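So, here come the structures, one by one.
Two complexes come next, and they have one chain in common, chain A, joined by chain B in the first and chain C in the second.
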Partner chain A sequence: MLRYIALRGALALAVAFTVSLAAFLLLNVAGDPAQAIAGEDATPEVIEAIRARYGLDQPLTVRYFEWLGGVLQGDFGESYYWHKPVAELVVDRADETIALALSALSVTILIALPLGALAALNPNSWIDRFALGVAVSAQAVPNFWLGLIMIILFGVMMPIFPVSGDSTWKHFVLPAFVLGASSVPAVMRLTRTGLIEVMGADYIRTARSKGFRGWPLLRRHAMRNALLPVISVLAVQLGQKFGGSVITESIFAINGLGRLALESILGMDIPTVQMLIFVFAIVFVAMNLLADILNAALDPRIRIG
Partner chain B sequence: MSTTDITLTAVEDSETTPLTPGQIFRKRLFGHTGFLIGASIILLIVLVAIFAPLIAPHDPYVQSLSTRMLPPVWSEGGTWEHILGTDQNGRDYLARLIYGTRVSITIGIGAASVGLVIGVTLGVMAGYFGGWIDHAISFLLTAQLALPGLLLAMALVFIIGPSIWVVIGIVGVLHWTYYLVVTRAATQRIRNLDFVAAAKASGASSRQIIWHEILPNLASAIIVIFTFELGIAILAESSLSFLGVGIQPPTPSWGLMIAEGKQAMFYRPWLVILPGICLFLLVIGANLMGDGLRDITSPEGRNE
Partner chain C sequence: MSLLDIQNLDVTLALPNGPLKAVRDVTLTLEPGESLGIVGESGSGKSMTALALMRLLPRSATCEAKALRFDGQELRDLSDPAFARQIPGPRIGMIFQEPMTSLNPVYTIGRQMTEATVARGLLSEAEARRKAIDLLDRVGIPDPEGRMSQFPHQMSGGQRQRVMIAMTLMLDPELLIADEPTTALDVTVQAQILDLLDDLRRERGMGLILISHDLAVVAERTDRVAVMYLGEMVEQGTAQDVLYRPQHDYTKALLAAIPRLDGPARVPAQVAAAPEVEKVISATNLCREFHSRKGLFGPKKTVRALDDVSLELRRGETLAVIGESGSGKSTLARILLGLDLPDAGDVRMLGRPVLDLPGAERASLVQPVFQDPYTSLNPRRRLSEIIARPLVLRGEGDSASRLAAVKDAMEKVRLPDRLIHAYPSQLSGGQRQRVAIARALITEPEALICDEPTSALDVSVQAQILELLDDLRAKMGLTCLIITHDMAVVHETADRVAVMYQGRVVEEGSARDVLGNPSNDYTARLLAAAPRFGATQEMEAVQ
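So, the complex of A and B:
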C-alpha cells in the first residue's frame, strides 16, 4: 500500500511540474512580459530597464530553473502589479476560495446524491426523467449566466441572500450553488448507474430474501459499494472547483484566488498567473491522488492488482 | 405448386428480408427523440447563422441614441420595430442575437476541429504504437487534465491579443483530451483485429494501416465526440468573452452581450436573459445530438 502511494505521489509531482513548465513556456512565448509591464507606448530604453530589473533578459530555460529553484524554497517571485511577494498574495486570498470550493462540493452532494439515488430506485419513473432533465440542463447552462440569474432573482425579487461580497456565511450560499451545480450531472449520473448496478447484484437479492427492504437495505448493503466510484469523482470535482472559481468569484465579488487570477491576467502580472496555475494544478493532482488512495483503501482488488 | 403458393412465399420473403445497414441506421436515427430534438435545434441555428443577413430585421452594428434600451415587444413600451428591444447603444437586440449565432457556430466548429486533429493524432499514435509512445502520450494527457484550462486560456488570449482566430486556436489546443481517451482505446482494440493483421501481412506500412484500416473505423466515435466538444467550445468562448478576454466589441457574441447587459440587468433583465437562453439552447442541442449519435452508433444498439 505504501509503495502504491509513493508511486502515485511521485507521478503526481511530475505532472504538477510538467504543468508549471508548460504554463511558463506558453505565457512567456505568447507575449513579451517587459513590453506588457511597460505599456503600449513605452520607449525601448524603459523596456530594456524593466527587462534588466525583473531578470527578463536571461534565456527562457535559465529563467524557468530560477523560478523552479525559488518555488522549491517557497519563493514564487515578486508580483509585477502589486509589488509584493506572490506567495503572500496567494496565501492571503486562499481562505475564501477554499471555503467556496468546499461549500460548492456540499451543494453538489446535497443535490446529486439524493436525486441519483431516487432515480436509481425508481428507474423510468417521473423522478428518473426529472433527474435526467436536471442533468442535461445543468450541463448546458453557462455557469456565469446562472450566477447572474441568481443575482437578478435574489438581488431584487427575493432578497434573502446577499449577492456580493464574502463577509458572512450567507454570502457563500449563492456562489456555492452556482459553482456546485456544474458538478451535479457527473455525480448524479454516476450515483444512478452505480446504484442500479449494485441493486441487481446477487448479494442484494440475498439481503432482500433475508427481509431487508427500503432504507435499511440501501444504507447497510447497497450504498457502500455504489458510492465507491462516486467518492473518487467527488475528489476530482473538488480539485476542479479551484480552477472554476474564476467566474463565480468575479460575479459575486468574492476576494479569493479566482478573482486574483482575473485581476493578475488583466494586469499582465505573469508571476502571479504562473503561481496560480501551479497551485491549481497541485490541488487538482492532490485531489486525484486522494481519490486513487481512497479507492485503493476501500477496494482491496486495486491494491493487489 | 399453384400460383397462390408462389405469391405467398414471395410476400413472406419480402417481410423477412433483413434491412440493409443504411436502413437500420436511418430507422434508429429517426426513432431517437433526443437526437431529433438536438439535431433540429442545431440545424435551425446553423440555418440562422448562414442566412443571418436575410433574417435580421436591422443592422446589428448600427447605433442609435434615440432608441437606447427599448424593452421587448411584450413589455410596456416595446415596439414591433424592435421585437426583442435594443441594447445600451440602441442596437436591435434580435439582430445581434441572430448574428451571434455566427460567432458561436464558427468558434464551436473551429475549436472542436483543432482539438480533433490534436486528440485523434495523439490517440491513434498511442493506441497503435503502444510502448514508450503510449506512456509519453498518457503522461501528456494527465498533465493536460491537471492544467486549469479556463485560467490558461484567459491568460493566453489576453497576452496574444483577442481575436476570433486566437480564441479558436487556444480553446481548441486546450480541449483534446476526450478525443485522445476514446481514440486510444478504440485503436488498441482495432489493432488486434484480423483485417489489420491481414493488411500487415500483405505488406502495408503503419501509415497505410492507420489511414485505411484504423481511421475509417474511428469515424463514428470521432463524430460523437465532435458534437459534444462543439457545446464545450461554445461555452468556453462565451465564458472568455463574458470575462472580457474573448471576442471584443462591437462583434455580437452572446457571452459578450451578457457582459454588456450586466450593468443594466436589474431593470433591463432581458439583456442578460435572452443571450443566455440562446447559449443554453445551442449547447443543449449539441449535447442531445451527441447523446443520440452515441446511442445510435454504439454496437449494443439504442438506449431507448
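So, the complex of A and C:
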C-alpha cells in the first residue's frame, strides 16, 4: 500500500514536470517575455537589458534546466512582475483558492447527490425530469455568464451578497455556487445511473427479502456501492475547481491563485505561470490518487499495492 | 390450517406493447412442514408467483388475488411498511438463483448475516454473531468464525449459496422459498445444497417451496409438485403422481424432454467398425498454466488449467468432455480451436500441426458453438449476416452464393426461412443456438466443438438442440466434441466420454462403460450426484 502510494507520488511529479515543460515551451512561443515586461514603448536597449537581467538571452533548454534545477532545491525563481519569490506569492494566495474550491465542491455535492438520488428512486417521475432539466441547463450555461447573471440577480437587483472581494464568508457564496454548478451535471447523472443500477442489483433484492425497505435499505445496502464511481468523479472535479478558479476569481475579484494565474499570463510573468501550472498539475494527480485510495478503502474487492 | 393459501393469483406486467399476464389464476396451498416443488420453463411465471408473495415484484408488475393468506393472516390487508416489518425475513425467507451476485460485495459476511436480526431488535450484536457462526457451521462452511470477517468475493459460488441459506435461517422463517437455488452450481455442489435444504426443513418443521426448471431435481426432493406453463398452473399433485401418472400434455412433454441417465441408451456411432479410424483432432500431452498475482506486487499464483491432457477426436463420433467448472474443459476447447496456445504438447488437425495452419484453413476444419446464445451473437447484425460471416471472412463466393449457403445451413438446423433477415433479439434462446450452429456449419467443417451448448436453455429446448446435433452427426457424418457438466446430456449424445478433474483427464472410454461402470472415484461421485428418477409410466408400458 505504502509502496503503491510512493509509486503514484513519483508518477505525479513526473506528470507535473512534463506539464511544466509543455507550458514553458508554449509560453516562450507565444511571445517575447522581455518585450512584455518592458512595455510597449520601450526602446530596444531597455528590452535588451531586461533580457540580460532575467537570463532571457540564454537558449530555451538552458533556461528550462536552470528552472528545473531551482525547483529541485525548492526555489521557483523570482517573479518578473512582483519582484518577489514566486513561492511566497503562491503560498500567500493559496488559501483563497482552497476555500473557493472546497466550498464549490460542497455546493456540487449538496445539489447533485440528493437530486441524483431522488431522480434514481423515482425514475421517469417529475423529479427525475426536473433533475434532468437542471443537469442540461447547468451543462449548457457557461461559467462566466452564470457569474454575471448571479451578480445582476443577487448583487444588483437583490443586494444580498457582496460581489467583489474575499474578506468575509459571504463573499464566497456566489462564486462557490457558480463554480460548483459546473460540476453538478456530471456528478448528478452519475449518482442517478449508479443508484438505479445498484437498486436493481441482486443483493438489494436479497436485502428486501430480509425485510429492508426505504431509507434503511438505501443507507445500509445501496449507498456505498452507488457512491464508489461518484467518488472518483468528485476527486477529478475538485482538481478542475482549481483550474476553473481562473475565470470565477476574475469575475468576483477574489485574490487567489486563479487571478494570479491570469495576471501573470497577461504580464508574461513566466516563473509565476510555471509554478502555478506545476502546482495545479500536482493537485490534479493527487486528487486522482486520493480517489483511488478512497475507493480501495470502501470496496474490499479492490486491493491496491 | 394451511401455512400458505394462495387463491386465484394474477400477475400482470405492463410492457411497452401492452399488458402481459405473467401469472394467471394460480391457486396453491402448503401445509406446515410440507415441501412443494414448482416446475416450469423460463417465463412460465414460477418466479413471479414467489416474488408476488414476497412483494418483490418489479415496478411494472401488478398483482391481484382472491386470497393471499399466510398462517391464517390475509397478506393483502397489510400496508407496505407493516408487511416489510412482519413477513419477509422472520416469516418467509427466500433464496435466489444467483449466489454470485446475491450478497452485497462491499460488506462482510458477518455484517450481512447479523444485520436483520439486530435491526429488528431480536438479538444483541453478540448473540446474533454466535447464532450466525452456529448456522454457518450447520450449513457446512469450514472455519465459520474466520469467514465472518470475509467478503463475498473471497468465497466460491457454492459457499455463497450456503451463506445465503444460513442468512435466511437467521430469522427462523416458517416458510423457505428457494428459487432455482442450484441452477448456477456444479452437480456435486447442487446435491449437497439440496440435501441441506431437505435436512433443515425436517429439522425445523419449516415449509419449503422449491422452484426449478428441473423436474428431476424437484421430484426427488418434494412431497408435492406443481407444474406451470405460460403463467398457468397446469398440474398439481403428489410428486409420485405428477412424475408417473402425468395428466397434462405439457407435463408429459416435459418429462419426455429431460435427458435421463436411466433412459434407454442411444445407438453408438459406427466408428469402431471402420478398420482405420481417422483422427480429426488429436491432442497430446497438453499443458497450460495461468499465472495471477494478488495486486501489482503480490506473490505469483499458478493455476494448472491443463495438466498433461491427451485426447483424440475420431471422424464421425461424438466425444463428451465432462467436469465441474474450473476443471479445465473450456481451456481445452480454446486450445483445440486454436484460440489459445498450450505451454507444452501439440494439437494436430487431420495429422497437421495446428500451428502450421493458417486461420482460414483452421476455421474450415473446426468451428465452435458457445454456451450462451444470448451474448455470443452480434445483436446489431441480421441472421443472414451472422451466418454468412465465416464465408465473408474467407472471401468465399459472391453475395448470391452466400445467400444460398445461408439458406441451406438454416434448413439444416431447421430454422424457418422467414427469419433470414431477423435480428437475434427477435429469436428465442433455442433459435439463437440454432443460428450459432448454422454459422458453425456454413464452412462445412470437419468438426464442431460445442462448449456447454444447452446449459443456458430450457429442458424442452435442450432436448431439441441435442437431437439436432445427433441428427447432423448421423446425416452429415459430423464429428462433434461436446463439453458439458451434465451427465444426462452425455448419456443422451455421446459415443465416448472423457472425464476431467483439476486439469487432468481422469477417465476416458465409451459412454456405456464410463456411465455404467465408472472406474474412477470422481466419475462415480459425479454420477451419484446427478439427479435421476425411476422408470416412468411410458417406459414401464414399453417394457
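The rule we apply is simple: the second predicted complex is superposed on the first by the 298 of 305 C-alpha atoms of A that agree within 3 Å, B and C clash if a C-alpha of one lies under 4 Å from a C-alpha of the other, contacts with A are read in each partner's own complex, and residues count from 1 in each chain.
In this section, a contact is a pair of C-beta atoms (placed from the backbone, for glycine too) under 8 Å apart; a residue touches a chain by one contact, two chains touch by 3 or more.
Keep in mind that this is a model prediction, so the values were computed, not measured.
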| item | value |
| --- | --- |
| Side-by-side fit of chain B and chain C on chain A, or clash | fit |
| Touching partner for A:250 - first (chain B), second (chain C), both, neither | first |
| Which superposed partner A:199 touches (first chain B, second chain C, both, neither) | neither |
| Contacts of A:211 with chain B and chain C, given as first, second, both or neither | second |
| Most chain A residues touched (candidates chain B, chain C) | B |
| Which of chain B and chain C A:131 touches, first, second, both or neither | neither |
| Touching partner for A:15 - first (chain B), second (chain C), both, neither | first |
| Shortest span in Å between Cα atoms of chain B and of chain C, once chain A is used as the common reference | 6 |
| On chain A, the residue positions that both chain B and chain C contact, one per complex | none |
| Residues of chain A touching chain C in the complex | 3-4, 201-203, 205-214, 216, 220-221, 224-225, 228, 298-301, 303-305 |
| Complex interface listing, chain C residues touching chain A | 54, 56, 80-81, 84-85, 87-90, 93-94, 96, 98, 101-108, 115-116, 119-120, 151, 153, 164, 167-168, 171, 294-297 |
| Residue ranges of chain A in contact with chain B within the complex | 11, 14-16, 18-19, 22-23, 26-27, 30-31, 36, 136-137, 139-145, 148-149, 151-152, 155-156, 242-244, 246-247, 250, 261-262, 265-266, 268, 273, 276-277, 280-281, 284-285, 288 |
| Parts of chain B lying in touch with chain A, wherever the complex brings them together | 139, 142-143, 145-152, 154-156, 158-160, 231, 235, 238-239, 242-245, 255, 258, 262, 265-266, 269, 272-273, 276, 279-280, 283-284, 287-288 |
